[in-house]
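These are the structures in question, set out in turn.
Next come two complexes, and both contain subunit A; in the first it sits with subunit B, in the second with subunit C.
Let's turn to the complex of A and B:
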């Protein structure tokens, strides 16, 4: 087990930077999720840790020991690949035994470890089979099994459950998190699925265009996104963004729009006026921070027209047209509005956000 | 997975085509198998019996062909007096040795070409292939001169080297395609598991076994059936079966019986090899392990 540190790590393919000046500290035994869309540099980051790619500049350290120049086999990491990368000509048992065999373990030790890992993953009845005889979920378990048979410094999981169906994915999220807690091994988990990152990780590193956007706990990333990009990427349904004007009325800052004018709180007013002289900015509000009703509750509400309603079992999503954009509101299934009707939305001003229009940075 | 069945619907045309194919294949089988059959039968016949033929158009007279007293004297003659056991050994060593050298060097070279990107890779690859494009006769004279200087003429190592010259580019060409089809992730997984690069290469060799099998067959066939190299570079100390068979055609008489027996001795090992290696030629070993 090890602490992993990234110090000013760069990865360039030719002149194209894939990872730019990455700095992350991942404490021993913690679960770090690297989250971002495809092409954001998250896989390059993981492959640099595994030793499958050279580090262009900067350092990666395990417990203060630089590992830049170590071959993969000397780094003692265990990796689960997105495409499983099982050995097709070997049985499940031989697949899982491979890392131990390569490290020269005794046959009896190998048998004991493989059996224990197989039992933990509930694949002990599959040990004689070949990979092509397994289902996607089983292959994925074998790939995890191959990683956990030894006690590595670090687990690297590269989108291991991306190819599974939705139900199995939800199940495996819980299993992997439990496994990591049980074994207590440091884990770096790469994913493009914000739900996986939110639900499993201790710390999330959100990446975009090769740059680390935000490093924080799932709560911090969700509740206090540092910029509009993170705010829009994390959370499902996604955050609504509305371009608003900033006006002072009777000493209080209001966010104004054709459809509404809402005052900010005192604390928020201080942050906006300290941070910028912009007369316009982007307001961000999550669908669950809005409440919708068919009667006008107050003067400072948002007026719109219902575009469509989507019933999601326990919740309902209402798409509402404003004059220049469309926003989504999460409400209860009792909501009785019909398409085309005028509706009124109240913002929970403790849970909204404001971002600079210029650079996307968050004021609050 | 969807059904693998190829759906076909019967039409008059397809029916006619099926008949045509059956007739064509029947002729083709006769065309290819009959000479081998005649060779096999004649090798067990005395010279007089071998030339007993029915008159043209006398189909009932075909039985004459089977009317003989089997004798193994031609085989006895070949191995007891004409030294064919040595020639058989030479053929085996030359073909097997060249196949082995080509497979070892070829798979390493093909692996590098498949996995590593470097400047001029395309040109290098084409150059390797182009060495195979020249006809053997074209390079024979300079090659002979070089081999003479190195004292390799008439030796088995010389013959192995000569065959390898032609087999190696072929090996690289075939095997590169097979290595290209093995997902790199499998080696990466091996390396993360604790393998060196070389161990990772060894670990994926079973996945290119069909390619290696196919290549070994083709390589051995090339060397085994070769006459030109055998006659010129192997002549003297490293005579192989085809060269030795040629010598049975003597100015005074042609030893038909022994030639037929030599033909059987030359053909049988190759047929046997084909049967043995057949299972390696079945591809599709990587299916299902790596999700694309």
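Let's turn to the complex of A and C:
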């Protein structure tokens, strides 16, 4: 087990930077999820930790010990690959025994460890089979089993459940999280699925275009995104963005739009006026921070026309047309609006966000 | 084989009868009138084939010329060989001889020696070619000059074996051969030329074969290396394997199938191609390089014992087929299917 630190880490392919000046501290025993869309540099980051990719500049340290120049085999990490990377010519048992065998463990120790890991993952009846005789979920368990037979410094999981079907994925999310808690080993988990990152990680590192956007707990990242990009990437359904004007009315800042004019709270007013002199900014509201009704609740509500309603079992998503954009609202299934009708939405002003139109930085 | 199920041309008109009548069943929400409801094809007529159906026998007649030619150049000689192997064959004289051709073979020392020499020759060629070929492929794989170097390497393979034999004949020549001069200057070679000495003639022949055919192994191995899964190599590295260990436990198993194909091709060629040997030594000195196919050639076309030659050829053919079958079986067992 080890603490992992990234200090000014850069990765360049030719002149193309894939990872730019990355700084992360990942405490011993914690679960760090690196989240971002494809091409954001998250896999490069993980491969640099594993030693499969050269670190262009900067340092990666395990317990304050630089590992830049160590070969993969000397870093003592265990990795689970996106495509499982099982050895097709070896049985499940041999696959799982491989890391131990390569480290010269006794056959009896190997047998004990592999059996224990197989039991933990409930694949002990599959040990004699070959990888091609397994289902996707079973292969994935074997790949995890191969990682946990040792007690490595660090687990590296590279989108390990991306290829499973939705139901199994939901199941495995819980299992992997439980496994990490049980073993107490530091884990770096790369994913493009914000739901996986939110539900499993202690800390999320959101990456975009090779840059670390935000490092924080799932709550922080969800409730206080540092910029519009993070706000838009995290959360499903995604946050609504509306371009609004900023106007002073009777000493209170209002966000104005053709369809509405809503006052901000005092704290928010302070932040906006401190932050910029912009007369327009981008308002961000999550679908669940809006409440919708068919009757007008107050003067400071948003008026729109229902475009479509989507029933999602327990919830309902309503798409509402404003004059220049479309926003989505999460509501209960009792909502009785029909397409084309006028509706009214109230914003929970404790839960909304404002971003600069210039650089996307969050005011609040 | 000659099935008439060709992909039907899909130029036929789709029927666009029926408008959104059935669609209404699935319509749960109101679609504004501005959204155009497109007519949906309710049924698609089977496109009519442009080809009129023809009987199977028609196809047979189409193939008949090819079959006829094949019969003349391949099937007929094969049966004629079997026929000859059971007879005493001379010009204008064929006589049944109660399997004498076969019965005499076990006591023919040159026939037996031919097998030993063939095995020796083939084993040496294959071992050297595989080792050098694989090493070359590993060295070339992924380098910037890979394409250029592979093209250069392939040149010997493009050469007719007879021409290659001639080139090496000159290189080995005892009076003006460059290799001969080089080796003699270095004191490795005695007074005799390479091909004239019973000790070195076989090695000389093996070198020619290695020179000419190692590129093939390199080419095949390179193709094999391209399909070694990168993630397995990486997984093994993270698991704690050294580069050598990684090669043995991941690369090699993935190379097995292509290497077996290469081995099969080359061993069959060793059994068949004797052009360069005929040019270089003709089986000599003495009988030092008289591998079985050379002996077969000699019996048939120098001594004109066509019956005996046919018997030897038949046995050689059977052995080749059996060895080939064994290799294919091994290949099937080793073939790792994809994950």
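By our rule, the second predicted complex is superposed on the first by the 364 of 364 C-alpha atoms of A that agree within 3 Å, B and C clash if a C-alpha of one lies under 4 Å from a C-alpha of the other, contacts with A are read in each partner's own complex, and residues count from 1 in each chain.
Methods note: contacts are C-beta pairs under 8 Å (C-beta built on N, C-alpha and C of every residue); 3 or more make two chains touch, one makes a residue touch a chain.
Small disclaimer: the values here were computed from a predicted structure and weren't measured.
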| Should the superposition on subunit A be reported as showing a clash between subunit B and subunit C, or a fit? | clash
| request: Report for A:163: first if it touches subunit B alone, second if subunit C alone, otherwise both or neither. | output: first
| request: Considering only the touch criterion stated at the top, classify A:284 as touching first (subunit B), second (subunit C), both, or neither. | output: neither
| request: Give one of first, second, both or neither to describe whether A:304 is in contact with subunit B, with subunit C, with both, or with none. | output: neither
| request: Using the touch definition from the top, say if A:84 reaches subunit B (first), subunit C (second), both or neither. | output: both
| message | Between subunit B and subunit C, whom does A:137 touch in the aligned arrangement: first, second, both, or neither? | response | neither
| Now for A:337: first (subunit B), second (subunit C), both, or neither, which partner does it touch? | neither
| request: Check subunit A for residues that touch subunit B in one structure and subunit C in the other, and list them. | output: 50-52, 71-73, 77-79, 81, 83-89, 98-99, 102-103, 131-132, 139, 146, 156
| note | The answer for subunit C against subunit A in the complex is residues 29-30, 32, 229, 231-232, 234-242, 245, 249-250, 253-254, 336-339
| query | Once bound in the complex, which stretches of subunit A touch subunit B? | reply | 50-52, 71-73, 77-79, 81, 83-89, 98-99, 102-103, 130-134, 136, 139, 146, 156, 163
| subunit A - residues contacting subunit C, complex | 50-52, 71-73, 75, 77-79, 81-89, 98-99, 102-103, 131-132, 139, 146, 156, 308, 338-340
| field | Residues of subunit B that touch subunit A when the two form their complex | value | 183, 185-186, 188-196, 199, 203, 206-207, 285-292
